[in-house]
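The following block contains the structure, expressed as structure tokens.
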Amino acid sequence: MTAAEQIVSEMMAHDSMSQWLGIRIIAISPGNCTLEMVVREPMLNGFRVAHGGVAYALADTALAFASNARGIKCYSVETSISHVKTVEINDTLTTKVEEKSLSKRIGIYWIEVLNQRNEVVALFKGVVHRSDKNWLV
Amino acid sequence: MTAAEQIVSEMMAHDSMSQWLGIRIIAISPGNCTLEMVVREPMLNGFRVAHGGVAYALADTALAFASNARGIKCYSVETSISHVKTVEINDTLTTKVEEKSLSKRIGIYWIEVLNQRNEVVALFKGVVHRSDKNWLV
Amino acid sequence: MTAAEQIVSEMMAHDSMSQWLGIRIIAISPGNCTLEMVVREPMLNGFRVAHGGVAYALADTALAFASNARGIKCYSVETSISHVKTVEINDTLTTKVEEKSLSKRIGIYWIEVLNQRNEVVALFKGVVHRSDKNWLV
Amino acid sequence: MTAAEQIVSEMMAHDSMSQWLGIRIIAISPGNCTLEMVVREPMLNGFRVAHGGVAYALADTALAFASNARGIKCYSVETSISHVKTVEINDTLTTKVEEKSLSKRIGIYWIEVLNQRNEVVALFKGVVHRSDKNWLV
């Protein structure tokens, strides 16, 4: 296992919410990650489509994993998400992460959430504060 | 029950994710709502504090309830959230909604998520598209 | 002059863009400021109403002045703005700033831009990074 | 001239603020545009680097031109920008637009502002409302 994989394994092992969502780690590298999950009935909202919190939580986990995979503890400062396509029960969601900017203290990530037909369902932008603490793995 | 309360009751009855979060409706009026929930273990992340998706999902439910409570079906277009204070297990979270702008097609809501000490833990801004469909209740 | 006023005077004296906009400082205190300007012809866009950059630049100046007025050099990390009402030539715009959150490294400000009828024309949220450099005034 | 070029020519001819910024149109097509400008002294802020309003106004003009170039009148609903690299006097700024999502009523655009060394200086996301009015050109 690479250092990036070790950090994210450790994070995932303690991440109850990502486990509840059924998130699986497909690939990890410093500043990047690919995650996958299937939408189940408890994740629907009052319109009986996926709650906005589902794509958000998936993208937010991807933000945490991608940014922390560089070995520095990172904390979310500001995130935004546009829900552009309805997500249905049994849809498989995947994340596509791009690290758009990295300075000493700030990292900015663009994350697209795609469905099983490779259609974009949500557009997410995340800003993290890069602390002065390192992961010891 | 007012029309606003009827709409939101119906939404809540079908909203599996909000039920999983344990969201309780405290008050509903056109363009506004107060919700409450308690953070439980399955809602924690890899740092063993509340996952960012928890405050987001609570605020997103509040956005849906407040905007739809005016009787017009509304859909989220763009949302942003800043997580400004760590949320711990057993914290009670409440929403404070302000309808900042309302035009024929667009509504903008500012939602603060507070903890049991009345401290702001998250700042959320939501933009909804107001469709041409009404709720029939 | 208070320290906050001295810092902002110095910033304003060097701020060519704010001068071009005709921004006037109405009040300054640590974490807050009230600014005012009148929309002129060179600030219009292709629809012959105020360019979105006008309300943005006014709010961004307010963000810089309010956050730096605490005596620590602050830099904008992420900003968002919703233009909710058309701004016309000769409108007088004013800023209303609220400091929503302040931690060691991050400050979050909510800024409303109002016109002369006290109507909200733009809703702005700004996140700043608080550096480890102080203003020496 | 294509219809897209005609629409944007007409917008640009009336856009005083874009003219003041010295924006030049490099390319236009439906849903896209490339713009260029040079930062001059009146565009600096109190730190004597480009005011945040400069990259914002350039990106906002690009948003208007790209979205309207499809032939439907579009209005900005919500925009966000991260300023990730300092912009200096005499820097040449260019826009790179991606149309990320397009539905009947909503368009979402991701716009990067680059300098003459092809470095990203600002990351902009714009959401427009697509009205039911067409451009007649």
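We just call them A, B, C and D in the order they show up, numbering each chain from 1.
Definition applied: a contact is a pair of C-beta atoms (placed from the backbone, for glycine too) under 8 Å apart; a residue touches a chain by one contact, two chains touch by 3 or more.
Nothing here was measured: the structure is a model prediction, and the numbers come from that model.
Steps from chain B to chain C, taking the shortest chain of touch contacts, total 1. Relative to the C-alpha centre of chain B, the farthest chain centre belongs to D.
C-beta contact counts were set side by side for A-C and C-D; C-D has more.
Chain A and chain D, compared by their mean Cα positions, are separated by 29 Å. Chain A and chain C have centres, each the mean of its CA atoms, that are 33 Å apart.
Centroids built from CA atoms put chain D at 21 Å from chain C. Within chain D, the positions touching two or more other chains are listed as 77-78, 80, 82, 106, 127. Chain contact summary for the complex, chain A toward chain D: residues 80, 82, 84-85, 100-101, 103, 106, 108, 110, 120, 123, 125, 127. Listed in rising order, the residues of chain B touching chain D in the complex are 77-78, 80, 105-106, 108, 127, 129.
Taken together, the chain B residues at the contact with chain A in this complex read 10-20, 41-48, 51-54, 56-57, 60-61, 64, 76-83.
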